[in-house]
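There are two complexes below, and they share chain A, which is joined by chain B in the first and by chain C in the second.
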Partner chain A sequence: MLAHTLFFYIFSFIAISSAIMVTASKNTVHSVLFLILDFITISCLFIMIGAEFLGMIMLIVYVGAVAVLFLFVVMMLNVAQQKKEWFSSNDSSKHIPVGVLISIIIFFELTVVIGGWRYKPDIVSSMSLPLNTDITNTHSIGKILYTDYIHLFQLSGMILLVAMIGAIVLTFRERSGLKRQSYFAQISRERSDSVELIDVPSKKGVDIDD
Partner chain B sequence: MLDYLNIIFLETYKILFLLVPVLVSVAMIVWLDRRVWAFVQKRRGPNVVGPFGLFQSLADALKYLFKEIIIPASANKIIFILAPVITMTLALIGWAVIPFGENFVIADINVGILYLFAISSLSVYGIIMGGWASNSKYPFLGSIRSAAQMVSYEVSIGVIIINVLLCVGSLNLKDIVLAQENMWFVIPLFPMFVIFFISALAETNRPPFDLPEAEAELVAGYQTEYSGMMYAMFWLGEYANILLMCALGSILFLGGWLAPIEIFPFNFIPDFIWLIFKILFLFILFAIVKAIVPRYRYDQLMKLGWKIFLPMSLIWVVITASYLFYFNLLPGN
Partner chain C sequence: MDKLNFIYPEIFISLSIMFLLILGVFKKNSSNLINNLSILTLIGTLVLIFNHPFNTNLNIFNGSYKIDFISSYMKILTILSGIFVLITSSKFLKIFKIFQIEYSILILCSILGMFVMISSNDLIVFYIGLELQSLSLYVLASFNRDNIKSSEAGLKYFVLSALSSGLLLYGCSLIYGFTGTTNFNEISNIINNNQYGLTFGIVFILAGLAFKISAVPFHMWAPDVYEGSPTSVTLFFAVAPKIAALTVFIRFLYVPFINVIEQWQLIIVFLSIASMVFGAIAAIGQKNLKRLIAYSSIGHMGYALAGLCTGTIEGVQSSILYISIYLVMNFGFFSCLFMLKRNNKYHEDIDDLSGLSKNHPLIALSLLIILFSLAGIPPLAGFFAKFYIFKAVLEQSMYYLAIIGLLSTVIAAFYYLRVVKIMYFDSEKEKFDTDYTLGLKFTLSLSTILILFYFIYPSKLVEIVSKINII
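After this line comes the complex of A and B, so read on.
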């Protein structure tokens, strides 16, 4: 139990300090790398409470895919410079009230959640989730997700699909004069329709434009 | 307290027992790669240092050790040094879950296959960080290419893994191997094996998909600014990753440590030797492909990943699931 507690505190310390570093570090690429460290530590914490499936999915989805895109965007745009200009100009003061409002809402929500957990301990047992310790948590998530919550699951899938199509439509632009490779046309070319033998009259030449 | 120390010593011993052979075989596999490559092209390959040139990799490693490590003045030093370390570490920690036999595995975890998948998707960071921290154009272009390529091909590898998992009903690597006792998955899922092999080539940046380090266009891609031991770490990490992908392929499709036929001369050979044979078989295929196929163009690579492999493997998921459901063969029923 001692080792377990020790590891819990180590991981929590890393998670919280890297979360602070995400907002505190000057270089934006460093911020994203700290965010990745935060994701990894959170997934370690998930694994420690026995939710190994969630931890691994967190690694695959957030660290393996989402954070790569973050890193891309941050590396491509020169955010560091923009940030410098932004902080020195007067524009920043306009955004502070919105930021404060959002922080207050998040703080309020967290208070409600943690307070409910802390002062109403029977809240866990009142949730009607069948906790079966005989099967692995991958099985139990599957059993709940694809039976009781199938409609919500499909609905979220639809929302993601719509978002994906929307993103493609928004960024799609037709470019003219683009030569696309067609494997079929390439392979089905014959000697008869691609090579032509022309008798060139002397001192006259031929017109090769077609 | 003594218990903890005991556990720590035992685990360290086990880890060393696995890692030292892996590192040695990575060095040997580089030699094998170059030899196979040479034989296909009717050359000799490295044959001077030691018998058959076996110590060539050792000589190379010594050379790298004594070379100067140059860090570019405008590079981001911390990330520049971290990048090869991360590549190497990620390539090695994946081996923790590879089962070499029924009871011959360091970490027998329930979500082993997801762990391997997560590790292989993390390995893109070493490349991106290296490319960005070098603060120069060729490394950056190389790392962007590599990241896009690895993310694309991971998707199809994920769907292929789902195919295998449908037949097994468990995410544990040991269960996956034991489910192939009657028939290796390479027989019913042969198209998936082919797609897995090609995606593994792309995932490990091997030719014909070695666009991140295309010499003709990008000097050496993300490794351009690296020298000495740091370059060697990238290089070792890359080969350890290739071996890991070969191990994953042999566990998913070629029956892991199982012998092909359960009769005398075959089942007399120990389990882990069979797994090593299968890994070597896949690796020699990797090396042959390197010698005989020209490099893909970037748009062809993306087209192959997204427009051919992803739809094909998705359709195969539907076929597998329908077949298993119709004939009531779904595991767990």
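After this line comes the complex of A and C, so read on.
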């Protein structure tokens, strides 16, 4: 139990400090790297409380796809060199008071919400819910996802297909005059197709077209 | 899984989408083939819907998916609109050089989404269907991607639609939080009258849905998106999503929340009145025919909502009749728009119609009939559509709604008749091209005949729709 608590604090510390570093670091690429560290730490926290499916999905989706996409975007847009100091440029300084105000309000709201939830008298403890501990999360999600919700699962697949078709329709342009390698044409070439023996008449020469 | 045969239409359409996609990718220049195969797919789906008896009423997938009369009827309407969009648009797309395989595949995808919406009996299923439908529509709106207006239309629709989806999801989460279930039938068992959180949930979901059918005050996207999208996509926008969203409206209001009608009735009345009045007044100053039809569709949605807010089954039936007739009128109108082509350039301003009656008397006559019908002049079909709505509204003694509806009909008649005046009494312009495709001619003549001769035998449609029983 002590080890569990210890690990919890270690992971929480890493998560919070890397979240701060995402906003504080001056190099955008470093920000994204800290974001990845944050995602990984949070997925560790998920695994610690027994939600291993959620943790793994977090790793696959956020770290594997979203954060790497961010990294690509940041590197391609070439915004990495922000040499200016933190919040010191003239444009953004006007937004700081408003930003601080909104942050304070959000913090206040969160305090109220969490406080109200914590001290609500008739709250049901998650420990008292009838959970079957014999089967894993992944197993139980799979059991309803592929039976009761199979139609939704299949339809989500159709939605992804439409998204793929749409992305291709809207962005793909066939470039004209592009020379592509055709293996089939290369392999099926015969000597007779390309080599021709011509008797060259004296003092006349031959025409070479192509 | 013994009831799987009831979702054969959905399964068939999904498999066809994947097959056509693979075929289109591997076979070069196959846009025409894919377009024709998509039409065949839709016809096959139609057959599969007719395949199971219409009076079935069953829930599958733990009650989250419902097959009943209304779902079959609305699915047939959706498929018909899909077929007509595909047969009228191929020439248009070829001229704009955007005739790609993905066009018909995306239309099929969005029809699949509409099917799911129409049959949904659960908040999650409904939302997934909505997203599938909307995602395809975003791409379709900006399909002519080199045109700045089309890109603008797609982006605008995407951003505003994402916002409305957010509202809708917030409403869903509130309803789930207060009832503990997402299933419509179970919600109706649980609710009681004094749960204010639930009312908030209803309001948020209604706001999201009103956005999808472009009812005032959630209409601001409609004129720009209608104008910017390619005309064939505008036609699809004007009919298909409205059918699906109206069905969800009906199911959502009449299955879980019919007992708390006093909580939502006034909201629908407001949406309806605002849409009718705004649709009539804002259309007056328009110069572009597509913007005009956008405002006209806002107004028409107001009438459809007026039928819904009565809270009776007659009201629902009148709304469904209204949307069916509205569909036919829109096909006619857009077929005329597709015919206004001169030297491979499409014209879509009202001024381009001037003197149409001298050069093209038949088109002018059809457009005259369609516009009169849209304005609700007897004995055309549009009159009957409005008649059913007002009858249902008056039976509930909601006189103010009927009076405002009638007044806005009169205002709306002005801008329809102005188009007729320009067609018949203004100086003529150059002739338009006359190389219409067969599908276009067929659509225009069919819709005109349906509108013109509806009064001879109106009882058939009424009889079919009167079998709808939602509660």
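Just so it is clear, the second predicted complex is superposed on the first by the 150 of 210 C-alpha atoms of A that agree within 3 Å, B and C clash if a C-alpha of one lies under 4 Å from a C-alpha of the other, contacts with A are read in each partner's own complex, and residues count from 1 in each chain.
Following the convention adopted for this analysis, contacts are C-beta pairs under 8 Å (C-beta built on N, C-alpha and C of every residue); 3 or more make two chains touch, one makes a residue touch a chain.
Since the model is a prediction, treat every value here as computed from it, not as a measurement.
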Partners on chain A (chain B, chain C) - clash or fit: fit
Chain B versus chain C as contact partner of A:Gly142, first or second or both or neither: neither
Touching partner for A:Leu152 - first (chain B), second (chain C), both, neither: second
Partner chain(s) touched by A:Gly115 [first = chain B, second = chain C, both, neither]: neither
Chain B versus chain C as contact partner of A:Gly50, first or second or both or neither: neither
Which of chain B and chain C A:Leu170 touches, first, second, both or neither: second
First, second, both or neither for A:Gly99, with chain B first and chain C second: neither
Broader residue contact with chain A after superposition on the shared chain, chain B or chain C: B
Partner chain(s) touched by A:Val162 [first = chain B, second = chain C, both, neither]: second
Minimum Cα separation, chain C to chain B, after superposition on A (Å): 12
Chain A to chain C touching residues, read off their complex: 148-152, 154-156, 158-159, 161-163, 165-166, 168-170
Footprint of chain A on chain C - complex, ascending: 7, 14, 17-18, 21, 61-62, 64-65, 100, 102, 105-106, 109, 112, 116, 124-125, 128-129, 131-132, 135-136, 138-139, 142-143, 145, 154
Contact set on chain B toward chain A in their complex: 4, 76, 79, 109-111, 114-115, 117-118, 121-122, 124-125, 128-129, 132, 140, 144, 147, 151, 154, 158, 171, 299-300
Complex interface listing, chain A residues touching chain B: 2-3, 27, 29, 33, 36, 52-53, 56-57, 59-60, 63-65, 68, 71-72, 75, 136-138, 181
